[in-house]
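As structure tokens, here come the structures.
You will see two complexes here that share chain A, one where it goes with chain B and one where it goes with chain C.
On to the complex of A and B.
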């Protein structure tokens, strides 16, 4: 009961905010709507008893990633002149069509494998056969009372160590890329616009 | 842990907070005098007139700091599962304590390499 209410509330907020992200005319406002959307998705994770994932969602996505989005938007500069407006009827129709195709493809991919009878495996149903697409995490969650964090840690340092170390390499490569792009000696845009001696408080 | 238990308390807090906010703002609206003037809508910037608009283009050098924040945010996330299991590990468990220690410090060292690069290239310095 509580779970259903929580799901409906968070799903409603997530959907509304997602629509607002595309509908907002100001890019910064769209990014802020994205924060609301990501927080609502964190609430959905919480409803699925996945507390660690919910915390990651808030820390990394709603915190860091959106900050990065806002930085990129502000780097490009937001002017009142280039607020987003739909480029006529054809663009709107195309966007709606692509959206529907994407939604259909996702539904086709997820309904069945992840929502069918076989995917529902509680602690009493053991995964049997190769047709079974259930991830089988319910027994793990039952055995592990700290939101699957210990399970994640054990997997991370046994089966997925290579991927874990490679992710560090990936992050380092991204850092170096950002440093190379940002390493510029020219004046900041604020300094160019202002006459010398003027101070922005 | 059921949603009804501890999260029920959180939900009550959220609803209570929202209602309290609504009541206070409503009282405020009912009791305050309304004297609008264009000056009240101007940006407050340390008592000085604002220069330019708040929507100006930002310097790209801020981007490095935001990016490093994201990188080490992700690193902190990876530290949590490691810290949770590390206390239970010994030389005979799978993974062994030494293995987990080396793997995590290899991860941290790789990320520090990126930070060291940024430091060496002088993008952290603001001249």
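On to the complex of A and C.
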């Protein structure tokens, strides 16, 4: 019961925020609405017992990516709302058409298999065709926390130690690169400006 | 699952540690011994402990580098960038020695070649070892080659050597990576380092263009590759290449999913090795990047990316060989022909070499298409011979460019044979090697891939390869003709150089420095040695043609 309420609340927030992202006239507000939307989706993940996915959703999407959005918006200039005005009727019709096609495809591919009778949890109807039967949360939880944080952590520090450590090298490279690119101007080579005596001291 | 054995990653560990030490050295500006003395003492102690523990060669390498560390600031006082260059060079030489030691142990009695290490993350096999040799050798030659050049362009910053070292680590690990996760991370390590290195000259628009184009196309290629890998994981349920290969051999995997995965992975990898028609980034990137970085890209990155191609093709996708081999053969044929023809109409030397690298990707791919042990050895040999040949060529380009401070076109090197015959001779030798003329390294490599191609029944591809070699020889000979047959222009050519004030006799002479001449001469010597005495290399390649499957 609590699960259903949580789902409804988070789904409502997610949908409302998603509409707000498109409807807001101020780009910064739209980006902030996107944060709310992504956080609500993270809540949905939590409801599905996917803690890791929820945390990653917050860190990567709500954190890093939206910050990137905001950076770009700030760089382009916040007050330029002419970017937001749809150019003519054709553009609006095109946007609506693409949106409908995308929604239809997603419904067909992802929601479709879970709409039959067999998908209702607790029903004994055998699934036919592509229809998926309800597994419920319990068996997933029983099956050795398969997608859980503990499992991921164990794998990360046993089987994938090398890749994990190598990503430290990757971050080092990225940091050096950021320093190189962010320096305001090229310094002249340092060799001349160091008096010989001081170096060997 | 085997244990975590540091010995299996000895060269990479050394290079990574050296990169970090060099970064600390750069930070410590006026008090280098604050960093170098503890590092040196620690390394000597570690080396002694390793020697006592039975690992004599790696212990000696670590110990010697430990002795060298505090000596650098003493011997080269007041020259921090030179200290960096020497430090980077010594570390890479150490990595090369460690690679040789690894191979010697693995090929010797009781050694194991063709096992996995680090719990299946890396493969300890011939492909990994050979890629390490090519990569570390190229990086080792690039550092002295680029030192004076970068110094003059005022872009020789403390970050250069660490980035080169870390790029080499990424490349070497890409050659050794045995699962998809390690492949992706290693690929990104080397790509990030190269994006930054390509954009080092921030005042130079072409360098910025090069960096940006490389970044965008590289990111797209990585994304495509990653998507393909995700689908591959979905289809086979495994991240390890041998397990994927075994799973694809069964009939239970969904065919459509595998087909899409194969296409995406192939496109991603083809981008990285610059096979036509996925080579479009290469000319602009090669032209704009600082020339020593271009040399590193051409020689080392190609080898690493081809190691990835070989491993994906022969370990992950052997079951689908009948599907990808014809497609790859078409790509190889297109690269060989298009690269050769496009290079004919170029005037910029770096662009010519870029198109020639596209052509060479085509030749090297013949060995992959052959799908045989011989083909594997042939491609590895080819990449090494291409690396030394292109390094020698880029060394001469650097020497010419240092005087000219701008583009190196055919007009620039007119009459180079009169003004500096040795340099022109080296460039001619390098070009002969790239063209595949006998008695040079390039001939050895080309002969090997063609032989493997014919043996595997790809006669039409080899015929195209020979045709393309003839066309390619045309533009290589054109460069040689411009250098030796044409008179040097009397006055400084009017290509808009503001730097040259009077003294046009001097302006035509390329600038050489010790590092540049030594590295270029060494590359040229390697071209000759491999060309005259190919037996050693071929024997090594034949013995090292072992893959973890």
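Throughout what follows, the second predicted complex is superposed on the first by the 113 of 201 C-alpha atoms of A that agree within 3 Å, B and C clash if a C-alpha of one lies under 4 Å from a C-alpha of the other, contacts with A are read in each partner's own complex, and residues count from 1 in each chain.
Please note the rule applied: a contact is a pair of C-beta atoms (placed from the backbone, for glycine too) under 8 Å apart; a residue touches a chain by one contact, two chains touch by 3 or more.
On a predicted model such as this, the values are computed, not experimentally measured, just so you know.
Contacts of A:108 after superposition: neither chain B nor chain C is touched.
In the superposition on chain A, contact is made by A:176 with both chain B and chain C. With both structures placed on the common chain, the touch criterion links A:47 to chain B but leaves chain C unconnected. Of the two partner chains placed by superposition, only chain B is touched by A:56; chain C is not.
In the superposition on chain A, A:160 contacts chain C only, with no contact to chain B. Ranking chain B and chain C by residues of chain A touched puts B first.
By the touch criterion defined above, A:152 lies against chain B but remains apart from chain C after alignment on the C-alpha atoms of chain A. In the overlay built on the shared chain, the residue A:67 is in contact with chain B alone; chain C does not reach it. When the two complexes are overlaid on their common chain A, residue A:77 makes contact with chain B while staying clear of chain C.
Annotation: chain A residues 158, 161, 169, 172, 174, 176, 179, 181, 188-190, 194, 198, 200-201 touch chain B in one complex and chain C in the other. Contact residues on chain A toward chain B in their complex (touch as defined above): 1-3, 6, 28, 46-47, 49, 52, 56, 59-60, 63-65, 67-68, 71-72, 74-80, 146, 149-150, 152-154, 156-158, 161, 164-165, 168-169, 171-172, 174-176, 178-179, 181-184, 188-190, 193-194, 198, 200-201.
Those residues of chain A that touch chain C in the complex are listed here as 158-163, 166-167, 169-170, 172-174, 176-177, 179-181, 186-191, 194-196, 198-201. Residues 1-4, 7-8, 11, 45-46, 48, 51-53, 55-64, 66-71, 73-78, 80-82, 84-86, 88, 94-95, 99-100, 103, 106-108, 110-111, 113-115, 117-118, 121-123 of chain B are the ones touching chain A in the complex.
Interface of chain C with chain A (complex): residues 1, 4, 9, 16, 19-20, 23, 29-32, 73-74, 77-82, 118-122, 151, 154-159, 162-163, 166-167, 169-170, 173, 179, 181-182, 185-186, 188-189, 192-193, 195-196, 199-200, 202-203.
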